[in-house]
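Structures given as structure tokens follow.
Shared between the two complexes below is subunit A, which has subunit B as its partner in the first and subunit C in the second.
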Partner chain A sequence: MSAGHDHLLSVSDLTKTYRTRGGLFSKASDFHAVKNVGFHVGRNETLGLVGESGSGKSTIGRMVMGLTAPTAGQVTFDGEDVTSLPASRVKDVRRKMQMVFQDPYSALSPRMRVGQFVAEPMVVHGIGDSEADRREQVVGLFRRVGLNPDFMERYPHEFSGGQRQRICIARALALGPKFIVADEPITALDVSIQAQIVNLFQDLQQEMQMSYLFIAHDLSMVRYLCQRVAVMLRGRLVEIGPTAAIFGDPQHPYTQSLLSAVPIANPRLERARKRIAYQYSPETLGNQLEEVSSGHFVLK
Partner chain B sequence: MSESRTVTRSMLHAFLAALIRSKPGLAGAVILTIFVLAALLAPVLGLPDPVKGDLLARLKPPTISLSGFGAHPLGTDQLGRDILSRIIYGGRVTLMIAALSVLTGGVFGVVIGLISGFFGGWVDRVLMRVVDMQLSVPLTILALLIIASLGPALHNLVMVLALTSWVQYARVVRGQVLAVKSREYIQSARAIAAHPLRIIFHHVLPNVMTPAIVVLTLELARIILLEAGLSFLGLGIQPPDAAWGRMLAEGRTFMSTAWWLSVFPGVAIMLTVLSVNLLGDWLRDYFDPHLEG
Partner chain C sequence: MSTLLDISDLTVRFETRRGFVHAVNGVSYTLEKGKTLGIVGESGSGKSVHFLAALGLLPPTVKREITGRVLFDGKDLLTLSDEELSDIRGRDIGVVFQDPMSALNPVLTVGRQLREVLMRHQPLSKAQAEARAIELLDLVGIPEPQRRVRQYPHQFSGGMRQRVMIAIAISCQPKLLIADEATTALDVTVQAQIVDLIRDLSAKMDMSVIWITHDLGVLAGIADQVQVMYGGRVMERGPVDAIFDNPRNAYTRGLLNSVPSLDENAEKRLYQIPGSPPDLSKPPVGDPFAPRNPDATERCFAEMPPLRAVEGSPGHVVAAWYELPPYAEGSR
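Let's turn to the complex of A and B:
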């Protein structure tokens, strides 16, 4: 894709292969969780990553973060190849990129007071001069994500899902990152809370000049939040482009099928909505991303 | 500095307040405290010599009654030794052995379980095979081997008992670590580039301690009984020193004529085990943040 640009994050030919163990009667085989995926995220931009469960979205998120080692391919962040980072540089990179997880119920350490949990990244990275100083910063972070700082001394089980996700976001912000991988951060939340969290992401982006890789399967939220969208199918990237192009003019049959599954909030139109079926077969999937319009690529 | 001291004091205060609110927990704590205090203060309680007997006062029945304690409140044994004194002095030995064995085995087992579960791979496979090997060796053979070659000293007994105990912790903790390891807060700790030791001590250990505490209470009870068994076989505490298990074994031959020889040490064992279990139960609840405690 457009090389030479100053992208915050660019990923090329990213592949993750899991080898299944062969048993007595079965041969060992390779499972491609992610295969030859490439994309980039610009500064202050949100890229939505959508696809069904098991399509490799979360694996990509973890590989970008360096939590899972890719089998092949490169992740370049802020001009630095982070796939083969020496241990001494890992901390510096993690300061600039953080992650928000899917399940706020298992993302908080159950026996740690939430204030401590939010302060932990600062302790690990030696930020703040003293306990009191860090506390002051945690108060700021709590306010920033819309939580009452008085809650600092409480344990995670005392919070609702939305509050927990705010705590996770506060922790991710503690290091002042430029980039956040949000791995389905709203999937586990009530619909009424989802919009609040999405708005929080949006406000924080404007305040702190961050970029997001927003992994989701709720297309309407993606449409609302993201400037560009990438569509995954069985570990392959089938279509990527500006949000308006993906939603207005989907090119790949799988994207069309995916969009046809979104309910319309209008009973009359909803009744007329036709579900487009998509039959997956590895042979029909192409090998080359082709540009159909400016910045809009389709796997052909 | 002074602030952290106040925090510690208020935490202790909260702990004691919660303990007093809980009836079973309090009962366990009180009984255990009485036994421990009695054991610690044995030399200053003015008890008859637990080892030297009065052959003229052999197999005397308990003299405790509403009117008073009498000369030998819980009676005397076949050599005329005071049973109460022997139980209190025996408690020193039994409780010390039990506590030391449980701590040694517990610390060792928890560390092995943490390493095995957290690092996985070949480390896990090697350690778990060692656990299997340990479990496959019959306890009496192991005890015979060690004590016959090293002598029936107290620290050898502690070693044998700890050796039979650590595998229980290791297995339970390993299983719990495997469950905790896949949770997202561990991923989150890795995402901030926290050191593995920090992850283990701040995020894994606190969340695997609950089952370990339960194992500890069960093990303490088991070890007291095991020590009794070893003493019975002559591998534990050597005569004339008193230990609850030994007293139980010696009293067995007089069971039909002098019940007090084995019943009172038996009651001591039972009360200790019961109080440890009650206290352990309460501790588990207290440290569970989901239950308001």
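Let's turn to the complex of A and C:
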């Protein structure tokens, strides 16, 4: 479905299988954390990846980043197959893709000054002519994510959750990436801070022509931020399409059920909301992705 | 209608090496029998600490000072002995926390943990308690309760574990159930089931509920009244429709606006509340939200506004020195 286009990222037949060990009374078996998943992310585009815990969304994020080796399948980034890169190319490609995690508390090193933490990728990749030059760049990164550069010499414990996430984003930007995998980046933040971080992601996209894979379970935020949405269930991609099509005309019974469960911050609509139940079975799951309207695919 | 819970001027201070942390600052509210009060707030708002303090559930090592009055069913919980309080907890007041895995004992079966609570508060034999445990698991919608009652917590999924926690919390038919971010860690489909379950149980058992969350959407469906907390204070309280249709406090309005509405997309910038929550070791003298409120007046910084009635909106109170312009959801 992505052949012939100039997509920044395309993923095809991505599969991750874990072999469970057999015990005295049980046979060894294969568990498909992710099975035959394919999608693409365009330039300057945000793809939302949703689904319940255990549906495989984080595993996909990690395989795209090369942090988990796929059992099968291909990840192509900027025209290059990153699943079979020669070691000499790995570092170059990594510069262009970065990750932001859910928990900004454990992502930061408690004994490293935050300025140093942001500069570290530049040191690893040998960017910047000198310490002073890198420092100059960190000042720019701090400003870009809305942090006061005077805070560079401080330690993580002096920052709030929202500020820590800004620090993590500054680090992710240090190498000038084209693509960021954001795995639940606002889930651990206070509600009044979530909007700040979402707006920051938007601004960065406009300023730097960035693409995102935005993994989240808050569907109202996904709807707001993403141009397209992919829905996962038990390791399978069950539906993918433009945000308006997914939210306005969901086709897979699981997507319908998922959307009907989202609470609405309006008492009258919320009291009237009808939930649609979904019972998982191999029959209701479907077999083959079919295109139901332009760019809108459903597992049938 | 009779009052089950009457909290007045509840204040909690923690003593730390860096001085006092003013976690709860003069919180007062009442809850009627059979009603659901939704409390919304973020970390540091006092939404959890105030009830943990009232129920004697703060960690024993933390140095604290608790003042005020918490009348539950006519008794002041703050004057009770540990023994008396622990009689009330589990029997008259059930609590469901966010993380069922750390609230359950991993080495005891679910049935054993239910039996313990039942036999602690009621004169039941082991067999009677076991039968009641199975009934309770069935009541909260756990399939095959006879088999499940003999299983351990790790054999349950997150949603099923939270159902077990609810079964334990309601085992003695409490008058009050406190759900503290009870669905925050759950998937949205499971959350919807748990919300329905608690709503049904509340109606069936005429049980009052305090539902603490940061998710306004959940409250819209379950609460009769909504109370908004910030910086250890009550900022606004009223009937659920009044709070969503006509918020009179700048923080409430900011919260409502920062949630993307259904017809919004990214062409419009999301409303963001500037700044970050207050440091409660240096509590502000005035309105704690003033530094983040673009419309704050000089008085907001100087003096904490008391809760006052909102004209033309029965049962609706707000802490604000200012008057916000009329609120129209469409004009965000």
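By our rule, the second predicted complex is superposed on the first by the 298 of 300 C-alpha atoms of A that agree within 3 Å, B and C clash if a C-alpha of one lies under 4 Å from a C-alpha of the other, contacts with A are read in each partner's own complex, and residues count from 1 in each chain.
To be clear about the criterion, contacts are C-beta pairs under 8 Å (C-beta built on N, C-alpha and C of every residue); 3 or more make two chains touch, one makes a residue touch a chain.
Remember, it's a predicted structure, so these values are computed and weren't measured experimentally.
Colleague: Does the subunit A-based superposition show subunit B and subunit C clashing or fitting?
Modeller: Aligned on subunit A, subunit B and subunit C fit with no clash.
Colleague: I'd like to know which partner A:Pro282 touches here: subunit B for first, subunit C for second, both or neither.
Modeller: Touch partners of A:Pro282: none, neither subunit B nor subunit C.
Colleague: Figure out whether A:Gly23 sits in contact with subunit B (first) or subunit C (second), or with both, or with neither.
Modeller: Once the two structures are laid over each other on A, A:Gly23 reaches no partner at all.
Colleague: With the C-alpha centre of subunit A at the apex, what angle separates the C-alpha centres of subunit B and subunit C, reported to the nearest 10°?
Modeller: 80
Colleague: Counting only touches as set out at the top, which of subunit B and subunit C does A:Gln163 meet: first, second, both, neither?
Modeller: A:Gln163: touches subunit C, not subunit B.
Colleague: Regarding the shared-chain residue A:Pro86, is it in contact with subunit B (first), subunit C (second), both, or neither?
Modeller: A:Pro86 contacts neither subunit B nor subunit C.
Colleague: Quick one: subunit B or subunit C, who's touching more of subunit A?
Modeller: Here the partner covering more residues of subunit A is C.
Colleague: For A:Gln98, select first, second, both or neither according to whether it touches subunit B, subunit C, the two together, or no partner.
Modeller: first
Colleague: Compute the least Cα distance separating subunit B from subunit C in the superposition and give it as a whole number of Å.
Modeller: 10 Å.
Colleague: Within their complex, state which residues of subunit B touch subunit A.
Modeller: Touch list, subunit B to subunit A: 183-185, 187-195, 198, 202-203, 206-207, 289-290.
Colleague: Which of the residues in subunit C end up touching subunit A in this complex?
Modeller: 42-43, 158, 187-192, 195, 214-218, 220-221, 240-241, 244, 251, 254-256, 258-262, 264-266, 269-274, 276-277, 292, 329
Colleague: So in the complex, the part of subunit A that touches subunit C is made up of which residues?
Modeller: Residue list for subunit A touching subunit C: 52-53, 160-163, 190-196, 198-199, 202, 217, 219-221, 223-225, 243, 257-258, 261-271, 273, 275, 278.
Colleague: So in the complex, which bits of subunit A are touching subunit B?
Modeller: 62, 65, 67, 90-91, 94, 98-99, 101-103, 106-112, 120-121, 124-125, 155-157, 168, 171, 175
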